[in-house]
Structures are given as structure tokens and as C-alpha cells.
Amino acid sequence: MIRYVNVKSRMRNEFIDITEKVQEVITEEGMKSGVCYIYVPHTTAGITINEGADTSVQRDIQTALTKLVPFEADYSHREGNADAHIKSTLVGVSQSVFIDEGNLLLGTWQALYFCEFDGPRHRRVAIQLIKAVTPS
Amino acid sequence: MIRYVNVKSRMRNEFIDITEKVQEVITEEGMKSGVCYIYVPHTTAGITINEGADTSVQRDIQTALTKLVPFEADYSHREGNADAHIKSTLVGVSQSVFIDEGNLLLGTWQALYFCEFDGPRHRRVAIQLIKAVTPS
Amino acid sequence: MIRYVNVKSRMRNEFIDITEKVQEVITEEGMKSGVCYIYVPHTTAGITINEGADTSVQRDIQTALTKLVPFEADYSHREGNADAHIKSTLVGVSQSVFIDEGNLLLGTWQALYFCEFDGPRHRRVAIQLIKAVTPS
């Protein structure tokens, strides 16, 4: 019931469009309507929904996040990735998107982005689909 | 099954209380208990849950967001609304609220706010209700 | 159907690990697979999922949030806790975590943290479980 999508990041900070991979899971499961949950089981990554058409947007988001949470600061965590943990909390690790007629119901400009904050790494994203149940 | 609530913003940055409109959908659908999903299909807006009693709180949140993510900076996105995209990722585009005895189960001071970051615009918010199913 | 977990904070800013308490609810309800929703019905608190092994991470997140949103600034809200409201919107008040074979499906390093931003206070966290329903 829980499906996984593999993601491979190539940079320390990178947004990876996983919209198609998530849609494939919905299609394979044959889910027609309900809610699609996307969950990132990592503490130095996140998931966001934002513009997929112009890739400059994801760069601006990454730059803004790094400006707010610099790589180096007076952190107590000694593994050199405290910034990635903080970004993960700001962006969040889960999203809920609707499924309508077998498709992810995203807005015209929306895409689902896995947000890598401590790459390069092999990551995975968990997906669960819940069917809509009408009131009886 | 998916319902829409229309929202009309009048300013570039504006929080609009949509609690009553969401409650109307729950009442019309006759949903007694479960989860109410609120989804914003836009990339320059968001949704948050925060104090509804004192409107100064929403102004403080807007001011703080604009301080963190200024309207003008060295953005690569050329449409003049990179700040709005970044704020959308920080605030998020979906919320899940419980339904109990036919009502949104919000805390005493909580209200549901549509967050406009690139208005004025006509917007819409998607709503889906999932009925609670007890373990069998 | 909606369960509550009580949380008692001892400091103004404090992260409290509620993973075990949430797991207890799942075990008591006998839920084997589905989604566990955690909802904070407060406007000056939040919930995040982040590293549970090294407590320095939660301190770094708190410090970073306070740097981004200082306790004192030119806030219009007169109750002295505008910062806590803003942090609540940045971190969020709800999370969805998967349940697999009766257990919260967290990543290896993940823990569920109640985020107090205006303590010390007695707080509560609402929990609802939705069973996975396979497509028919």
C-alpha cells in the first residue's frame, strides 16, 4: 500500500521535479479520486509544490532559503548540516495533493519538488493513496 | 467530490479568512467526522491557520514574511513575483483540519487564512473531505 | 475518533518529542495501515518532524527561528507573542505520517516534535487516524 519513489540528487542544494513519478504510482494503482500523500522520510530534505514552468523560480527559492539559513553559522550540531535540518523544518516533509479522474490535481503552474538540502545522496519518497469515501 | 471556494484578493499581500466558506462546504456535504483538506492550486499564494480574533496578528505575519523575503532582491525569475513564490513555499499550499460533529475542529483562536502574495487576483481553493473509517 | 495527547512545556521556546505518545494512540486504536494526522489547535505553537537522535538539531532549529523572527520587533499585536504566531505559520500546525504494520512510518532519524513558541503552557495535540482503503 505504501509505495516508494527513488530520487538521486547531484548537488548539495537541489530541487528535483517528481511530479511524473508520483503520477505513475497513481496510474499504476488505478486510483481515480482521493488524496495522494507524499512523505519524505529524511531530516535534511523536504517537499514543496511550486512553479514547474520556469526553473528560475526553484533557484530563487533555494537562494532565499540559503540566505535565511546560511550553510555556516554558530550551529551546535556537529555534522556540518544543521542548515539542511532547519530548511527541512521550514519547507516541511509532507504534502497532500488531490486525485481527480486518475490525475494529480495540481494547479496550472504547479509541480511537486523533492528538496535536497544535504546532497548529493540517494533518497526515497513514500507515497500513499487514500480513496475518497462519500458520506453515507 | 472536489469542491471549490472562490477568493478575491484586493491587495498584493493579503490574508483572507475563509473559515466560514470552508465550513459551508462541510455542512452542505453533510460530513460529520473525518478530515477536511484545503488545497491552494496557485504558486504565489498559500494557506495558513493562525489567530482569527486580533487582525494585528495577520499583519505581523505578513510584515515578517516580507522582511524575510523582500519584494525586490537579486531574483532570477523575471516576472516580478519571485518573492511571492518563495513565501508560498515557506507557508505551504495545503492544510488538513479535522471535522467533528459536522464542524471544523479549530482551536479557540484559530482561523483558516488564504494567503495572497501576488494580488490582487481572483483565486480559488480546492476542498476535499475524507470520511473517518474505523478499524474493522 | 479524535484523540488528544497532553503536552506540558517548561520554557518559552521548547521542542517536545511526542513520537511515543502518538504511537501509543495508534497501538491503542489497533490501526494497522493508513495515515495518522497530528493537529495542533494552538496559534503560538507548531509541529515538525526532524532529527530525534542528536538534540543539538532541535536547539539549532529554535535558534534559527528566533534569529529569523526575533522576540522583540515592531509588532502590532500587543500581547507580546507576535513572534510565536509568526513561527507557528512558518513551521505549521499539522502533519500527516503513514502507519505501516501498526507503526508510525518515520525515517531512521525522524521524530515528531511539538514546537512550543510561547510557553510554559499546558497544550494538547489532536490525533486522527484514517484507514487505508484500496481502490475497488
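Going in written order, the chains are labelled A, B and C, and every chain counts its residues from 1.
Note that a contact is a pair of C-beta atoms (placed from the backbone, for glycine too) under 8 Å apart; a residue touches a chain by one contact, two chains touch by 3 or more.
Not measured: the values here are computed from a predicted model.
Think of each touching pair as a link: the shortest run of links from chain B to chain C has 1 of them. Taking shared numbers over all numbers used, the chain A to chain B interface scores under half, which places it in the different class. Separating the CA-averaged centres of chain A and chain B is a span of 19 Å. In chain A, the residues that touch at least two other chains are 68, 90, 92, 96, 130, 133. Contact residues of chain C toward chain A in the complex are 33-35, 48-51, 54, 56-57, 59-61, 63-64, 68, 90-92, 95-98, 100, 105-110, 130, 132-136.
Residues 1-2, 29-32, 37, 39-43, 68-69, 73, 75-79, 82, 85-86, 88-90, 92-94, 96, 126, 128-131, 133 of chain B touch chain A in their complex.
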